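The same chain A turns up in both complexes below, where it pairs with chain B and then with chain C.
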Partner chain A sequence: MLSLVNGPQTNGNGRGFWLAFLAVLTMALIYPVFADSYDVGNFSYFLIWIFMALGLSLIWGYGGMLTFGQTFFFGIAGYGYGVLAIIMGGGTATIAALILSVFVAAFAAAVLGYFMIWGRISGMFFGIVTLAATLSLAFFLGQTAGPEWHIGGARLNGFNGMKGMDPLTVGEVYIEGTILYYVLIALILVTYLGLRMLVNSRIGNVIVAIREDPQRAEMLGYDVRKYQLLTFCIGSGLAGLSGALYTSWGQFITPSSIGLPAAAMPIIWVAFSGRSDLTATLVGSFLLLFGFQTITIYSQQAALVLMGALLLATVMMMPQGFIVGIAQAVGRRWQQLSGRKRSGNGSLQSGES
Partner chain B sequence: MLSELFSLFYQFADVFAFLVLASAGLAIVFGMMGVINMAHGEFIMCGAYVTVGLVNLGVPLPVAQIVAAITAGLIGILIEILVVRRFYKRPLDSLLATWGLSLIVTQGMLIVVGSSIRGIGTPEGSFAVGDYTFSTYRMILFACALAVLVGIYVLFMRTRFGIIARATMQNAGMAQALGARTGRIYAVSFGIGAGLAGLCGALYAPTMTLIPTMGATFIVESFVTVVVGGANVLLGTAPAAMLLALVRMSLNASYGQIIGQIGMLFAVIAIIRILPEGFSSILARRGR
Partner chain C sequence: MPLIDIKGVSKRFGGLTAVSGVDLSIDEGEIHCLIGPNGAGKSTLFKLIVGVYQPTVGSILFSNTDITGERSYARVQRGMSIKMQAPSVFKELPVRQNLDVALQQKQSGNDLTVERERLLQLLDLADDADKPAGALAHGQQQWLEIGMALALRPRLLLLDEPTAGMSPEETHRTGELIKSLNRDGMTVIVVEHDMAFVRQIAQRVTVLHLGRIFADGTLEHVVNDPRVAEIYLGKAHHG
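Right, the complex of A and B next:
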């Protein structure tokens, strides 16, 4: 079972990769010891979005469904967490609110996905229908300013957004600061390894086969629609996890984190990084979030112009993504170098056992 | 009685005009090249800004609107040559490329012109039917929407360009072998699409607040109309707009704008479940 973390659907299966992985993980784990708490908080903020990016990589890169709806599910779970945390009261119930809100997002994905996938919507239309749903949700939440828009004691508050919910709490302990950082690292580790196992498993191979040629996969006897729906629900659920964590992190959420330009952000991270690989998505998204935040301090508009330019540059120059492209070039060079020393026996085969 | 009926018609015409004007350009580009132009809203914004800018300089409104549509069309041709042209073989990437453009343009405009500029009021003028009064400008918009539909029909069915364009749409390789310059046809079609988007912005400029992100208010409607309409602009767009306008009008009247929009979206999701290729698929089948 665990051996599935290595396999044909993921780059980086050799011992060198896992050593580097452990090194990065160790650095991430000791980072709070050296950094001040403000920087740790900032880091946590970047990590929150990683789930959404990984989910998009699964749906788009592995499943071949170009969804523009990541922020739709982000918003559903984000608002869902807010409403549930307020209704159920703070304390340990917030953990239940987190889990429930992610399930609500995944359920919404199942409903929307059912209509689209069973309606044989694919390609570009998949993108624009999900985007239409996303923008409509943002417009809807934007006009819920009046007091009549409330669920239980939770006011939706229109453009100003929801606030007043508790952050994630266990007993008396708020999951904030350094604790939140470690929780996020653990969640990302589980998600990342879990997704690697998923895509290298039998199910993952079918998902990739459907991306390559849906008709052929159908002829081979797979119910393409079920696999696509499963992919869509998992990936969208991960976007929901990002949303719920985001609301908990800042104790607020606004419609602007759903609509434009927010909806374009996950697409840009994943396209730039290389949608077809989870590791590239993880690394690239983190780098972009970091860079974006650095520029946003000076001008948010300039940062967004740059993101747009990055997206344009990616599709024009390196459609498979910059991180994947660079990694592949480095990998080829590495194999050339090591191939001279010991012929054959490439490290890529280790996943086959 | 008559005035109530006319009131219903007026509301229908208002939504119908919005859907047709917002989606015609997008539909032409999609129908011809199979590309969804994510920067469609920015061409609309461009048309609106040029109109308001010219009117503030003292140019009469109708002239400003025509100039704005032409400007958007020319920019469209330029964008086609510089960017979109490379992506006809990779339609999904064209979506991303034009979305990148859209981000650059909206956020760039926010930096350059700021969040809003001085608008121009809706042209005065109203007429009464029975006890109700109606805005004349809204009826002009309806007339423009009909004119756009007729214009597209005439252009594609009655002109030499239209014949070559339809040939290109059916089989680009064959058309090229017969001497059609498909590259130029594509550029011109994209220009027409952008120009129609600009026209939409120009026509709605007097009725709304101008902000660089205003394109977003149009694109949901234009997307869903194109999705429901399907690939054939000539057959699909008008009935799709008609159906969606009916849904939207009845919901607007009883529950307000936002429920109208959401209801329309639900209707679209239900329609694509039944008619995945949109209206043009059934109409085209019948026509054969």
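Right, the complex of A and C next:
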């Protein structure tokens, strides 16, 4: 089973890759020892979005379904966590709130996905419907400022957003700061390895086959709709995980995290990184989030313009994604160098003999 | 006993009737060719059998089970295997993985590996196993698709113009492969234009014309029917 972390659907399957992976993981684990708590908190914020990016990579890059709906499920689970954490009274119940809110997002994905996939909505119309869903939710939540908009004791608060929920808590311990950082690292590790195993499994074979030619896949006896729905639910559930963690991290959520600029962001991260590779998505999304946040300190408008320019550059210059492109170029160069080294050794040996 | 039984099937597209009142039974173990001039309704009938289209009227039975309303994947799970007219392989995936997607329906582990390697040898694609399927020549893509169809170990193999774009040598090899599969008990339905290929493989031939069955029987019977020569073979010879 563990052997599935390597396979045809993932770049980076060799010993060198896994050694580099361990080195990066080690650096990530010791980072809080050297960094101040503000930077650790910022890093946690970047890591929170990675689940959404990985989910989009699965749905779009591997499954071939372009969705703008990641923020829809992010919002459902984000607001869901807020409502449940307040209703359930905080404390350790927040863990149940997190799990339940992710399930609610995945269930919403099952319902929306069922009507779209069974209704034969595909291609750009899939993107349009999911975008409409996220915009509708953002507009709906934006007009919930009145006191009548509440679920139990949880007020939705319109554009000002929800607040007052506890962060994730176990017993007396709040999962914040450095603890949250380590929890996020662990969750990303599990998600990343789990997704690698999924895409390299028999199910993953079918998912990419459907992306290539759905009719051919059906002619091999696969009910294409069920595989597409499964892909959509898992990817959207991961967006939900980002949403619930985001609300727990900041103890607030507003409709702007679901609106149009927010909906475009995951598309840019994943397109720039290389949508059909999980590792590229993980690395590229983190770098973009880091860059975006750094530029936002000086000018949010400039950061948004840069994101748009990056998307344009990706589409025109490297449609498979910059991180994937750079990784492939480095890989080719590495092979050339090691090939030269081998042939050099060979001629030396033959000269000696 | 018929393996596939088509009863009074018609298919209309708006005002156009592509297939009209077709009754056709195909026995288990037969190689059955569907021929006819362009626009005769061969490919439409093929798509009705495989479930791409649903008949406007009529029913289709597979092994005495009504499959008229079933989607293609369910028919494949019952034991059909399909190769459509245009080569349709997973172009960005390696040849090996194309076969795996098909093979994993019936096998796993070492059995799958052994069967994949056997098919790669049979299809003469062993040297190209790691290439993306889209990089193969047209004829090789046709072979790969036939290999994917065989990987399902079907009771009924349906091939729509399997030799389109193949060289004469490749066409002959395809014919020999079909005959060998048939000797092992597989039923085969082939839609084909190439009469030399039909002569090589056919045990029974159905001629379609204007969406109806025009003639049906052994190849000799059909070839010697002057009406058939007029509507199809004559045109082919003169063409």
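The rule is short, and it goes like this: the second predicted complex is superposed on the first by the 339 of 353 C-alpha atoms of A that agree within 3 Å, B and C clash if a C-alpha of one lies under 4 Å from a C-alpha of the other, contacts with A are read in each partner's own complex, and residues count from 1 in each chain.
The working rule: a contact is a pair of C-beta atoms (placed from the backbone, for glycine too) under 8 Å apart; a residue touches a chain by one contact, two chains touch by 3 or more.
Just so it is clear, the structure is predicted and the values come from calculations on it, not from any experiment.
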First (chain B), second (chain C), both or neither touched by A:129: first
Partner chain(s) touched by A:299 [first = chain B, second = chain C, both, neither]: first
Partner chain in contact with A:222 - chain B first, chain C second, else both or neither: second
Touched partner set for A:8, first chain B, second chain C, both or neither: second
Which superposed partner A:164 touches (first chain B, second chain C, both, neither): neither
Complex contact set, residues of chain C against chain A: 50, 52, 71-74, 76-77, 82, 84, 88-94, 97, 100-102, 104-105, 108, 148, 152
Residues on chain A engaged by chain B in the complex (per definition of touch): 66, 112, 115-116, 118-121, 123-125, 127-129, 131-133, 135-136, 139-140, 143, 259-261, 264, 267-268, 271, 299, 301-302, 304-305, 307-316, 319
For the chain A and chain C complex, residues of the former touching the latter: 8, 202, 205-206, 208-209, 212-213, 215-224
Touching residues on chain B, where the partner in the complex is chain A: 36, 83, 86-87, 90-93, 95-97, 99-104, 106-108, 110-111, 213, 216, 219-220, 223-224, 226-227, 258, 261-262, 265, 268-270, 272-274, 276
